[in-house]
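Residue numbering begins at 1 within each chain, and the chains themselves are lettered A, B, C, D, E and F in the order written.
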Amino acid sequence: MSADLSQGFETLASRAEPALKAAVLAQALPYLRQYAGATILVKYGGHAMGAGHASAGDPFAADVVLLQQVGIKPIVVHGGGPQIGQMLERLGIRSRFVDGLRVTDRATMEIVEMVLSGTINKQLVAAINAAGGCAIGLSGKDGELIRARKLRRDGDDLGFVGEPERVDGRVLATFRASDLIPVIAPVGVGADGATYNINADTVAGAVAAAVNAKRFLLLTDVAGVLDADRRLIPELTAAEARRLVADGTISGGMIPKVETCLEAVEGGVEAAVILDGRVPHAILLELFTEGAGTLIRRG
Amino acid sequence: MSADLSQGFETLASRAEPALKAAVLAQALPYLRQYAGATILVKYGGHAMGAGHASAGDPFAADVVLLQQVGIKPIVVHGGGPQIGQMLERLGIRSRFVDGLRVTDRATMEIVEMVLSGTINKQLVAAINAAGGCAIGLSGKDGELIRARKLRRDGDDLGFVGEPERVDGRVLATFRASDLIPVIAPVGVGADGATYNINADTVAGAVAAAVNAKRFLLLTDVAGVLDADRRLIPELTAAEARRLVADGTISGGMIPKVETCLEAVEGGVEAAVILDGRVPHAILLELFTEGAGTLIRRG
Amino acid sequence: MSADLSQGFETLASRAEPALKAAVLAQALPYLRQYAGATILVKYGGHAMGAGHASAGDPFAADVVLLQQVGIKPIVVHGGGPQIGQMLERLGIRSRFVDGLRVTDRATMEIVEMVLSGTINKQLVAAINAAGGCAIGLSGKDGELIRARKLRRDGDDLGFVGEPERVDGRVLATFRASDLIPVIAPVGVGADGATYNINADTVAGAVAAAVNAKRFLLLTDVAGVLDADRRLIPELTAAEARRLVADGTISGGMIPKVETCLEAVEGGVEAAVILDGRVPHAILLELFTEGAGTLIRRG
Amino acid sequence: MSADLSQGFETLASRAEPALKAAVLAQALPYLRQYAGATILVKYGGHAMGAGHASAGDPFAADVVLLQQVGIKPIVVHGGGPQIGQMLERLGIRSRFVDGLRVTDRATMEIVEMVLSGTINKQLVAAINAAGGCAIGLSGKDGELIRARKLRRDGDDLGFVGEPERVDGRVLATFRASDLIPVIAPVGVGADGATYNINADTVAGAVAAAVNAKRFLLLTDVAGVLDADRRLIPELTAAEARRLVADGTISGGMIPKVETCLEAVEGGVEAAVILDGRVPHAILLELFTEGAGTLIRRG
Amino acid sequence: MSADLSQGFETLASRAEPALKAAVLAQALPYLRQYAGATILVKYGGHAMGAGHASAGDPFAADVVLLQQVGIKPIVVHGGGPQIGQMLERLGIRSRFVDGLRVTDRATMEIVEMVLSGTINKQLVAAINAAGGCAIGLSGKDGELIRARKLRRDGDDLGFVGEPERVDGRVLATFRASDLIPVIAPVGVGADGATYNINADTVAGAVAAAVNAKRFLLLTDVAGVLDADRRLIPELTAAEARRLVADGTISGGMIPKVETCLEAVEGGVEAAVILDGRVPHAILLELFTEGAGTLIRRG
Amino acid sequence: MSADLSQGFETLASRAEPALKAAVLAQALPYLRQYAGATILVKYGGHAMGAGHASAGDPFAADVVLLQQVGIKPIVVHGGGPQIGQMLERLGIRSRFVDGLRVTDRATMEIVEMVLSGTINKQLVAAINAAGGCAIGLSGKDGELIRARKLRRDGDDLGFVGEPERVDGRVLATFRASDLIPVIAPVGVGADGATYNINADTVAGAVAAAVNAKRFLLLTDVAGVLDADRRLIPELTAAEARRLVADGTISGGMIPKVETCLEAVEGGVEAAVILDGRVPHAILLELFTEGAGTLIRRG
């Protein structure tokens, strides 16, 4: 959030009538009660990051810390952002794409890991710490958090593009007991020790399932799932979501988002939400008001 | 809060713009952080009770539960309310008053205790439980919480009017560890086993000091301490408060309120606040916004 | 126990031969072993209270503290005593009775609760504390201990007379871990928030079952169950007790006592005992000698 | 206790009036309260053992278990008994005595340890277990409980007769937390690994001091300390005891007993008691009645 | 190990090349990992004891302490050694043997227990403590660890020769949590309180099964199980071991050793090993190198 | 270690005589005892890394895991290695050096952090995990582990080169309790949020002091401190080390190594060791044999 925007928010808050403030705070009560002690998995993505990186005054970081401070257990999975492409370009490494997936040879994988684990991950950690939390940056290698296997596509070898084979929740359990906030880069390690690049949404969903998260918040750059009249659908059962995919109402880039949510919900997550991460404090609005996006629940 | 008012609040909340809601929630962040794990002593008094009793939908009860749910440890001390006088009148027991204190003979004391511990205390407990908390009603007799001694006034025998001699925090520590919310009636027990009626503000201040509360919120029916121009003073040091008493700016019924606050602050409470308990969600506004009343802090 | 009686007891103890004292203490060994860590529910009733209230030197209070000090976990449920009737009379409230049950309108209920929770409960708490324990007075409202529902009788509306619908043992578990002695007034709260007056024996039996008490001691003003020759029956199986009810050997006021015991035993209590609470130290005699009353056990 | 005696005790107990039983049990209350959680060190000696060994029905064993079951932490130190002499005699080993102390060469020491740790200790353990406890037999070698050094006497080499140099309370602390009852044979280990025979009274006093016992009960075969008129003195301060030794009122074999008590009291024990271990249930009578023997306390 | 031998070992270690030392230490890694936190039951037997007793510099004691210090939980069961026979001979007690088992009358049993619990057990405890551990000597009487019953042989009454009926692991669990090393003498107690002498191998196997030991190391004076060509068999499944007994390859004194191992493995032990306890540091070699003896595992 | 070398080591181990193996294992005993539960800080440096990175079969990783498995608490701090320079070169970023320190502008800092936290750190984590440990990679940003400030040099602005201002041991304490092995990249965060590059030896010494490490092992590419005759000095007091620096015996690149050790020792580390990390299993040899390098201890 820019300084101007932040300034504007404070002004907004101080201008609100006491009665209005009281109303908003009081409305948050049942939601806070509902989430006390629960794990909330937040996928913080490339597009949601806006300018490409989390800064100290980022409302996203502040929201994550707020969750932890009110007794919720947040876990953050982040994606790549434009820095990977920029670095590959600076090094003159060209990438081939198959179905929107970057074919990742060893040289590319080294750069991808370096940027994900060494730059973006640490920026996000620093931003959360600056907001008053105590974040620990992890990749799937740390504590062997994410065991990966090669992603198979018919006919195409994508190189070191992987998918989660097993998520080991023990390290996360340790962190949970210590009020440390895990921030996870979407890198996995194979049984053979190879490093794999994994789609961040997929990692987020798999981790959410492994820790039985109460909510999986998939922050994107759209408002959520829209109906045939382009109006936001506030809530869907898993069955309804599958029907909308089947009848084509859900299409394009929204399909993998919805499928990731469905897998998370089938894997033990109570509900997954696709929401617009560009809205300041989107997490707070989703969790502590009537909701802000499309919630997909079991059923 | 009447059903109409409650209805109005919900409407208010739902009408607020997302940006405004986000601003209010985000503003609460540093305050929540500040109060996490802290004990907040709330004196809920006769006048603040409005119609004389806490009901299920009372925003006061909801606020207390909210505090507990966001990791704050609330303790409630309540006063008498009009029910005592009504019951004495029904029984034809006449009271004599000295300096506003009811001279309390044994027959009166029995009725006072019965109404405080048996009626008002349980109403408040039920209201907090109905709001989702787990309250336990106590008088100073339970766990020998409040050892009292006879209050001495020059020349006048006030009977069983007492003052706290010692507050035993062990029972409160047990409750603290269990997320139980103590609700305390201002009755004490003497070394001789006699029952004493104690001013509720005094009990509240003494308990606040005994548990090293971070805030002692003294809910009254005025906005707080006013300056010579009848404007609310948002904050005072203890020294400044004493000066205003000395120069007559603080006068009348506000003097004992301020003195109770000063004693609490001297006894180890970080700050005491005199605020208007008739304002819905006054506690939330005081703790999670810029404040609502007059805060007196050490110094 | 009067001061004279207490004096007499001490004299009695000091006059006993060492060999006799040793014999009594040694006999208590297997009983103490048997009850170590067990929960003992004691119903302390109107008639057992004698003059109507527990006083500081009461051997009942001393016995309860003794249990706690030797590692037993006592829970006390008390009844009403004559104070309720006296207060209703002073207020000119007339009661109608159906089958010995007081028809309880709202005005009556207010007085009943006030006397039970505000007077009798606190007297008993103070007496136990004076004897060296740490008692906490509870009604069924505290911690939502007793959820009640309206007691249905064919054709008669008894008003706010209830029966236990659910006993929530969590608060009692907290107290158990802290050596606090719960003292419970027989008041329950309905799903609708209404206050209900419940028969104290019934409450005691329901709480005994909810906490899987090892013994449910029902203190009354008779020696126990008598056989056809008016001799005390020391022990009965549940089946035998039912047979004696069926054949009329057990009759009159003893029938509901026995039925409460049978319900407790069916609900998980190891054995229930009907005994004469007017005998000084009846609890000690029942638990630590060959017994003193009629024990009803499963089978 | 012989079967006849045991039989007699039960008859005695069952014949006592309920009122008398209640009086004895009620008298025990303040004592039980006083000793709850406290460590009681019992020296169980050769003469107190009577026929030379503890048997399964021994009231001593029953008393030790009773203490543990009412929340007291007993530790037993035993002495030698006639078995040592009998075994030395069977093996044809002659002993020389200096000041009543057996001069202990290596061959003698082997037999002494064998009988103490292998026979007497295990008999006592078995007796306590048969009475319902969970005893663990220890010598000073186990867990290096007692580090010993050679006892020096002017002019005489007593061989492997030692005195405690250091008692390591850690193992006892482990047992304390587990309700295991330590039974200790008076054998110590030197810095050089040699085995030492130590006077059992001395070991008992040193262990009592090391664990800050509340009472050190020195069971002997006399009633206690007698005054000049041969009447039992119930209680002495340390200063008074020293005066009685100095003026010759205390003489002969009672002197080392009293000195051991004085050392224990100076070492941190609240009070030491010399009492007649031949009286059945002497421990119960001492702890739970007005006392039975001579108590020496600090001062 | 004699001083000369010990000296030789140190020289050996210091002469080894760094690369060789590093190789040996590094080889131990996977084994250490495998045994971390596991219970290892070591039977330390008469023949393995060599000269008949453990001395302070014994490499056996050092090995046991090493296990404990690297996070393994050792339990030692010892046998009799020549001291029992010597003491019986000194006392002129003659023994009759049936199938190699000493017929044990009451007088013999007293001596057997005395030597086992009072001499050998304490020597071993002292040796382990001298090596830096914290050992506690136990017999089956302590904590009622081993409940025994009379061993039945067709036609012969062996007297107080018993077999384990039940091993109570609770005391061992307490020790396990406290880093205390149990050292157990093969003596049991009957339901009737009688003392029984039990074969030490049998006790060791029964304790190993009761605590679900990962390894049961049966130290003997042979290299292990030999094949038809007198070569050591490094590993056998239970089925293979049974076959070798059936076909006569395993014969003589090795049969009961193997059967004890089979019972332990069937009772829950992961593997049992018969190995030569006379080899210095045999335990270390077995656990931390390729093995040294014959391992019998389930299957 | 190359596959050939690893192969050679195994051969070496299997060829060793049992007696020799036993000797080496037994020699490790007193050292293991000494280090049980202790924290060992290992600086794993650029030159020690040999080919520039830790691989899966690296004996360094195996050693770290061994330490953890025998109850020692290792913490690893790593340095940069040649990868930083290679990456800067690939990107065409030129560096200026002052006193051997790379002047670090913002563009350089981004690359340094990326390679340290994203590449080298994760390689080491993966290598330790592959060897059976559970490592977590950290930079000074994670959990705000290392607060840095700008390093001041007279006259030269080195840019984002920092020094540790404060090491926050809380996160390390959490890991310690969970058997997680921290692997730390030498990056710090300033009070202003800026990222600083810090000398890895300096970070290692500061962390060692902050956690009161028992040993600080500084792995280098020389054998240790040499005397005037170029012979290795096995041990030095801090005072002796300072004297050798003053008289010129210690010179060149060894001076800052020794000074870092001295600071660690003054900060609370028991002893620091400079040793040759190129020797396979150097850590094992240093800790579990007579030592391998120069140990500097307090004094």
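Points worth noting:
One rule holds for everything that comes next: a residue touches a chain if its C-beta (ideal position, glycine included) is under 8 Å from a C-beta of that chain, and two chains touch if they have at least 3 such contacts.
Predicted model only: the values in this text are computed from it and were never measured.
Looking at chain B and chain C, not one chain touches each of them.
Chain centres were defined as the mean of their Cα atoms; on that basis the chain farthest from chain C turns out to be F.
In a homomeric contact, the two copies may use the same or different surfaces; for chain D and chain E, over half of the interface residue numbers are shared, pointing to the same surface.
Looking for a copy of the B-C interface in E-F, A-B or A-F, one arrives at A-F, which has over half of the same contact pairs by residue number. Rounded to whole angstrom, the centroid-to-centroid distance between chain A and chain C, based on C-alpha atoms, equals 58 Å. A separation of 69 Å divides the Cα centre of chain A from that of chain D. Across the assembly, chain E contributes no residue in contact with two or more other chains. Viewed as a network of touching protein chains, the structure reduces to one closed ring of chains, two contacts apiece. Note for the complex: chain A touches chain B at residues 9-10, 12-14, 16, 18-30, 32-33, 36, 59, 62-63, 65-66, 69-71, 132, 279-281, 284-285, 288-290, 292.
For chain C in complex with chain B, the residues that touch the partner chain are 56, 90-91, 110, 113-119, 121-122, 125-126, 129-130, 134-139, 141-144, 170-171, 174, 178, 180, 187, 189, 193, 195.
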